[in-house]
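A, B, C and D are the chain letters, set down in written order, and residue numbers restart from 1 in every chain.
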Amino acid sequence: MPVPLQDILDRIATQMAALPDKGQVAAYIPELAQVDPNQFAIAVALPDGQVHTAGDAETRFSIQSVSKVFSLALALGRQGDQLWSRVGREPSGLPFNSILQLEHEGGIPRNPFINAGALVVTDAILDRNQPREVLGELLRFVQSAAEDSDIRINEHVARSETAHGDRNMALAHFLAAHGNLQNAPALTCGTYFHQCALEMTTRQLALAGRFLIGGPTSPQFPQLISPNSVRRINALMLTCGHYDGSGDFAYRVGLPGKSGVGGGILVIAPGRASIAVWSPGLNAQGNSQLGTLAVEQLATATGWSIFG
Amino acid sequence: MPVPLQDILDRIATQMAALPDKGQVAAYIPELAQVDPNQFAIAVALPDGQVHTAGDAETRFSIQSVSKVFSLALALGRQGDQLWSRVGREPSGLPFNSILQLEHEGGIPRNPFINAGALVVTDAILDRNQPREVLGELLRFVQSAAEDSDIRINEHVARSETAHGDRNMALAHFLAAHGNLQNAPALTCGTYFHQCALEMTTRQLALAGRFLIGGPTSPQFPQLISPNSVRRINALMLTCGHYDGSGDFAYRVGLPGKSGVGGGILVIAPGRASIAVWSPGLNAQGNSQLGTLAVEQLATATGWSIFG
Amino acid sequence: MPVPLQDILDRIATQMAALPDKGQVAAYIPELAQVDPNQFAIAVALPDGQVHTAGDAETRFSIQSVSKVFSLALALGRQGDQLWSRVGREPSGLPFNSILQLEHEGGIPRNPFINAGALVVTDAILDRNQPREVLGELLRFVQSAAEDSDIRINEHVARSETAHGDRNMALAHFLAAHGNLQNAPALTCGTYFHQCALEMTTRQLALAGRFLIGGPTSPQFPQLISPNSVRRINALMLTCGHYDGSGDFAYRVGLPGKSGVGGGILVIAPGRASIAVWSPGLNAQGNSQLGTLAVEQLATATGWSIFG
Amino acid sequence: MPVPLQDILDRIATQMAALPDKGQVAAYIPELAQVDPNQFAIAVALPDGQVHTAGDAETRFSIQSVSKVFSLALALGRQGDQLWSRVGREPSGLPFNSILQLEHEGGIPRNPFINAGALVVTDAILDRNQPREVLGELLRFVQSAAEDSDIRINEHVARSETAHGDRNMALAHFLAAHGNLQNAPALTCGTYFHQCALEMTTRQLALAGRFLIGGPTSPQFPQLISPNSVRRINALMLTCGHYDGSGDFAYRVGLPGKSGVGGGILVIAPGRASIAVWSPGLNAQGNSQLGTLAVEQLATATGWSIFG
């Protein structure tokens, strides 16, 4: 790569700042609706421990659905393939919060990244334990992955999610009606809303994603999951990580990624880097507008596609 | 890779022969229904021109939907991104021959690998030309890719497809009703049925797939499409190549692939190899039962996953 | 009824003429698109042979889907309950030309009044006979019912329907793919397009509908179907006669009816009268805008609801 | 009618007792699962105050969804046509507990007799009042209609419904997510579960249904709703009263009816009679197996079809 990575990131940040259309900030809770849409950050963590950033990379944001990657890693670590009896591995082909397919397929969500599937994953790690305990474990997992203890759950956001959580409550009761929920709907949803309220900086998110880079392990950070799980989570991120925009992301960017309604995206270049982008404005598919563009440019500039 | 590739292929072929459940041969036309389900072949073509095979790699079979990769390459070469105004790039999330989503989305098929999308692609390369002419061009494209002129279209199969083609005729009329077909439904379907009747050996298919390996070009064969198109077709194969089993294939195999109802699968290990497998028995998703298992074993043995 | 029927009809015709919003004329074929939307007619045929009319009751129009009532009567007469193995009796709950439910339910259309169901009915009366023969029989049935031989099929309309018939051709091929079509799709569709091109005046339609009045038979006209079939066709008209507006029509009018895209509606007041209305402009559900209003007013003025 | 009504009822009861297939008793709550499937009752209340019964007409049963007729009458009485901004009037065309169509149509249930629609109706009569108060009012309405104060709500059944109410809770949260619920989901559902736990005898149900007979008012009982509302509720019962079996019931019986999962059906012969049947075993559509047959025989024997 002739152009230094830092130069690429700086150039991307400059270009993003100049774009007039920054998408629409999520409006369903005030905590997200009030975020300034003019923010942008990108961070790349390399296997050797280096991190390059550009933009507002030290500003905390709500990672929302990006947290599903961490809860899935935890659930797979605990339950292994048993988890797949409760949730599928196929793209949903429908908007992310749909109950349609769930009904058609007997209460088995299509994949762990649509909301219904993520509720099942959270329900699985909750098991019979206390939410507080399980959330503590999830937080420690993320902190270990990022090697940074200054990551937390925002209680205001969690409470606001709960107050506007009818759709997820509907999904949880629906899963319960199909016998696919072990805990009370309010308990599983409460835990899920807290998980989504995880807050960190773009730099921290890039660091926290390193356990998914795979390849020869770096001595810099502990191996949190098996190489096999790394590959499988990346596969799921590629096919299902962007709701009904997953195919388009794979086509344009060519790397596994998971987006959140807070405007963050975690992207993995297998064997090469963990990438985090953040910009609060969303596109029509509910994924960060500038974030998607930025990683597309990064992938083009670095040639980091997994597709040849 | 400590174990030689040829040994890996031989071992896989031996294991496949020993498996009692070989899936169900497609039964909708007699030409497919009469194929012996006990056949199996695997072939790996490397960038340096080497080909390794095991099993019945010199037996011709009907590549059926694998042909959609070649017609898409041809269409993208001719029309570029214009093609995407007529067909989407998202996984379908529904059985491959469904009209459901097509109706919901105004006659724009979800992706070029479901039947409706493939009809649009064929309609696009047909343009205003004669079917015979266009089929000749497609055949020459495949022959060039395989560097082998002994590849042909089986007229018996094409005629049988036509006689049992009501579902595709329905799709074509439906596309026409939405203004998304340039040629008469019978013309586009006729061309499509001939395209699906392409016949070649497993070795030939592996050779024909080399143009999708990407990476530094080999002097062995001409570059048929741009590096960018290579990456994009691989991305589409990964997210949409196995109908409603695409997510599972990505999860288990970790490589882009396109299956056909004749039991063939073309799989690409970007930068490394073009792989073809063939075994006529299909699994519940309509993809080759042994073929899927075989490439899963090959990916594990070689470590050729694109996901780390 | 204190107010004479003729006065009621005259008053309704006057009110309809004064309404500014006359709906949208069907635009998919030029023969319908060119009809003057300012036309309106209403006719009531009583069991004793009397007919009262108001408006343009002597103008011919294309009865389109109203013809489904006559083809169903013919099919039931010939095949009896056997017909119900090929078509259901439930409201569709979806726009009239949808393929959705058809796919979901294995090629059995929900009822004989949605297009797919009407194609099955036409296919059933076609049996193995020539279209010309069967259309002749259908025409004679309608002429007998109206006791008027001056009713005909408009060949221009039939040909135009054929030229714009991709959606029905798609349905027919789809039915064929499910083994629910006895004749070639083009043959069944061709017959169906001619059936829909039946042309008559509003007065003639009211007369033709008398065989569905039921109750003590009038000596005025021959009994064309059994009393049991009369009741059953009326039940189907009530639950399914207005596509996805059937519930609303039952709620507002309280009488069985069948609408056509040409703006005609045949309405039955069981034991009392056969009513025809016609006005070419359609409402959002694809039923005559003024026609629906007019029969609602007629039902209110006469107290002819079947619901008490 | 040459045969006396009492003789018809006795004959029907005898025939029903002899039928071997009595359907499947609802199993989702123990209170319904434990009911003896060999019970059958029929009762006909005439406008002149006479009641004829046969079978176990003095045994109380859980009227379940038949209660939706009474809550709808109450809601229409209070809110009039305003109610229709929150719920539609079209048949659902889908199994009764489906969320599918609800999602598709922005949280507006198709009609007041599917569960989602009934929840909206209950939510509407609940308004901002206490559930206890509103349930008292509903109970008094039913008691007035039956002119019998010995009708009550079974608390055991209500509690059991609540314990197994995940699907209705999902619907309620879903309605809330679409802004179509005024009260907390648990409150509306709790009220609804109590309403469904209304318990009465078949004789009492026939008496309670007399307010829907319409026609010239009987001095025997007070007019509870307007003649217009009578007709409209009957229309809704005919098109939507038996979930996805409504068309079939209209075709076979030819009278408006509303069934409940407890095996009861209230059927109205407009201008003639209020009919109640009860037998706990259900058919594939979830309606009383023997009850449906019995009213079909009654309609045939009496000629009470509304369709001529």
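We adopt the following convention: a residue touches a chain if its C-beta (ideal position, glycine included) is under 8 Å from a C-beta of that chain, and two chains touch if they have at least 3 such contacts.
This structure is a prediction, so every number in the text was calculated from the model and none was measured.
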| note | At the largest C-alpha centroid distance from subunit D we find chain B
| Inter-centroid spacing, subunit D versus subunit C (mean Cα positions, whole Å) | 32
| Inter-chain centre distance, subunit A versus subunit C - centres from mean C-alpha coordinates, in Å | 55
| task | Could you list which residues of subunit A touch at least two other chains? | result | none
| Can you name every chain pair that touches? | A-B, A-D, B-C, C-D
| query | Which positions of subunit A touch subunit D when the two form their complex? | reply | 98-100, 103-104, 166-167, 169-174, 176-177, 185
| field | Residue ranges of subunit B in contact with subunit A within the complex | value | 88-94, 101, 110-111, 212-215, 227, 230-232, 234-236, 238-240, 244-248, 250-251, 254, 256, 268, 270-271, 305-308
